[in-house]
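Consider the two complexes below, in which chain A is the common component and chain B and chain C are the respective partners.
The block that comes next holds the complex of A and B.
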């Protein structure tokens, strides 16, 4: 078990309102997982992500990394920050460097990497997102939307994290670029990086994730395989809209290996099989 | 009407034009979707529509007012509300209600009228209970709804949504689409820039931008019938169109013009 949340509570203190953001969350992230956190706006998804790498500290409960409480006295939080990388929403909005190299090397430099090792980390991270080393010298602002997002991800990967936390990583990307980016994420997961993704796009969740956790009002309402969760009759009660393939499957009663269909390809083959 | 005549835009010190030779009209009460790959000039087009930037070639007129004329720019922005993709770029005030008040205050609207508009606009986007909150404590989708309320409080004749739904959850997205359709029904011209083909399918007209040029314009059925071209541009067709096509390729007989899951189900079951 890489990460574990035990009964985590958190609230943002606001004038005139005391909104509970997390209300007793239990969650585990294991090696190799590809978990989607889904739920309506304000359900606590992003707040939960910020707990997973120690950026927020729970008001009650515990966050464990490889079995140790990361907020225990004397625990070096940098260990979590190095191993649990976080890609913020629209991360490219935080670019500051004149060159891609400055942006990608920022985090590893902060963690003490220098010289050749730093250079290697930058080139390797760019390679992992499918960008050539020559991109290093370019201005990050001169890149396309998809390339910018990849550079932002490279900045996180340069730390060689074991877990990747992604907050709406494909928001604003066109369909072709999005598909390409999702393929990249699947590949990183296959290489052994555990991924926790926050996404409103359940078609996307169906395409990449294996586990899904439903959050609402700071509580976990359900968890299971992506198929179990996304095809659940409770989706409506969770204020979630199923992927279109699931919706079509539901209206036509389509099955794939005895289970409700999840993908477009399954829906098509199920309709064709039924007609014969 | 918003009218673009031979409009081009080139950023200073850049050789390549971001937009070239765009001829386009947006009429009152019309919903126009603009689709295009990243970097095709969609956001530049959005900013040209309300005079946030000025064309370097051709002209943009809003109800007869040309956006190049300096003093008229506020008049243009009052008429054309613009919602950007990332609401963090348009939150300006310490609380949600101050933020919504910002636009009408700049227009010199009466304080009592401003209060009324704030209440109405926040209610329309479902954010009334957050009136006193600092925007930086809201989720991305909540901030976006506040940004939308800020534009609604200006009571524009045209609304430009630049990927405004990309931060919203499905409920928020449906909500915004409902607001857009309601405004359209009341005579507001709506321009919706989107990467979601399902949303584009709701439009009266779809405009496709590729590399700064307007390459297609037509009804959703017309535009989505060119699926190879769309894919080659990094775009896609809606789910129901893709499934219909796959079924037809396998010899299924289905009628033309299917855009939604419901239409597909009706066709299969009839």
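The block that comes next holds the complex of A and C.
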């Protein structure tokens, strides 16, 4: 088990009253997982993500990384930050370097890499996101939207994390770039990086994730495989709209290997099989 | 880190101070600041502090928000204390080469730092209880007589309001950027002063870019909603002074005259 949240509570201090953001969350992230956190706006998804990286400290409960409480006295939080990378929503808004190289090398530099090792880490990270080494010398502000997002991701991958946390990573990207980015995430997961993604786009979740966790008002309402969650009859009670393929599958009673269909491809193959 | 900084934020409420006209509060704030800076003795400063405490209680805003406002500016207080301590002549307490620490300097430094802290609390009491929209309206009407002299009262009032309005936004943005840097292994706020200052450098560029982008977006949003300056604009809500305002204005003016008289003729 890589990451574990045990009965985590958190609230934001607001004038007049505290706003509860997380209310007794239990969650585990294992090696190779691709988990999606879904739920309506304000359900606590992004707050949960910040806890997994140790950026927020729970008011009650524990956050464990490889079995150790990351907020225990004497624990070095840098260990978590290095192994659990976090890509913020619209992360390209955080660029500060004059060159891509300067920006991407920020994290490995903070973790003590220098000289050739640092250079190698930058090139490798750019390679992982499919950008050529020549982009290193360019200003990150001059890149296209998709390239900027990839550079931001490279800045996280340069730490060689074991877990990648992504807060709406495809927000604001055009459909082609979005497809490309999702393919990249699947590829990173295949390479062994566990991924936790926050997304409002359930078609996207159906396409990439294997596990899903439903959050509402700071509580976990359901968790299971993506198919179990997205095809559940309780989706409406959770204030979630199922993906179109799931909706169509329910309407037409379509099955894929005896289970409700999850994607357009499964719906099409089910319809074709019926025809035969 | 940045989100705890509440100076400049309006906190809606229903207190006596909240209900006062922004112009009354502005005058009251000026009087209180004068009250803090006029006295030359600790007794005078203590009296100003006690009056301020009473006003803080009347605002109904939790004390912790005032304290966090003052806490956020501690480097300025410290700087004041250090500069005064090292530059005032007097009985020498400590000497290290050219650096001389005098007892009169420490006294003056503490006095000035406390004055600044109280002035910050006065300003906080004003911004916590005054909505930026109300403030603009009142400022604009106060600047109106100057329009004959070519003073762009409406524009100045709007600029001031937008500046105040953007303080919490920039703070939130700063907080988000700090988290983004920490997620990438930055250890902000650790090490010596130089290391700390250097650690915050990567914040400046995205913060500035974000501020310019927001300013641009705001200008566009105002234009598409047909904003064309203050000429010919009417008010949805006309502001009128209430008996509480008149009472507060009289009281604060009397207080100002007493303090001014004491300062000028009291020696």
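Keep this in mind: the second predicted complex is superposed on the first by the 273 of 276 C-alpha atoms of A that agree within 3 Å, B and C clash if a C-alpha of one lies under 4 Å from a C-alpha of the other, contacts with A are read in each partner's own complex, and residues count from 1 in each chain.
The criterion applied here is as follows: a residue touches a chain if its C-beta (ideal position, glycine included) is under 8 Å from a C-beta of that chain, and two chains touch if they have at least 3 such contacts.
Since the model is a prediction, treat every value here as computed from it, not as a measurement.
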| item | value |
| --- | --- |
| Superposed partners chain B and chain C on chain A - clash or fit | clash |
| First, second, both or neither for A:136, with chain B first and chain C second | neither |
| Touching partner for A:93 - first (chain B), second (chain C), both, neither | both |
| Contacts of A:216 with chain B and chain C, given as first, second, both or neither | neither |
| Touched partner set for A:256, first chain B, second chain C, both or neither | neither |
| Partner touching more residues of chain A, whether chain B or chain C | B |
| Which superposed partner A:156 touches (first chain B, second chain C, both, neither) | second |
| Touching partner for A:51 - first (chain B), second (chain C), both, neither | neither |
| Contacts of A:247 with chain B and chain C, given as first, second, both or neither | first |
| Partner chain(s) touched by A:78 [first = chain B, second = chain C, both, neither] | second |
| Contacts of A:227 with chain B and chain C, given as first, second, both or neither | neither |
| Clash-bearing segment of chain B relative to chain C, given 77-85, 95-103, 221-229 or 239-247 | 77-85 |
| Shared chain A contacts, counted only where both chain B and chain C touch the same residue | 15, 93 |
| Touching residues (chain side chain A, partner chain C) in the complex | 15, 50, 53, 55, 78, 81-82, 85-86, 88, 91, 93-97, 106-107, 110-111, 141, 155-156, 159 |
| Touch list for chain B against partner chain A, complex | 36-39, 85-86, 88-89, 129-130, 132-134, 137-142, 163, 166-174, 195, 197-198, 231, 233-236, 239-240, 242-243, 246-247, 250, 252, 261-262, 264-265, 268-269 |
| Residues of chain C that touch chain A when the two form their complex | 11-12, 61-62, 65, 176-177, 179-187, 201-206, 209-210 |
| Partner chain B, residues of chain A touching it in the complex | 12, 14-17, 39-42, 46, 89-90, 93, 144-146, 168, 171-178, 200, 202-203, 239-241, 244-245, 247-248, 251-252, 264, 267-268, 271-272, 275 |
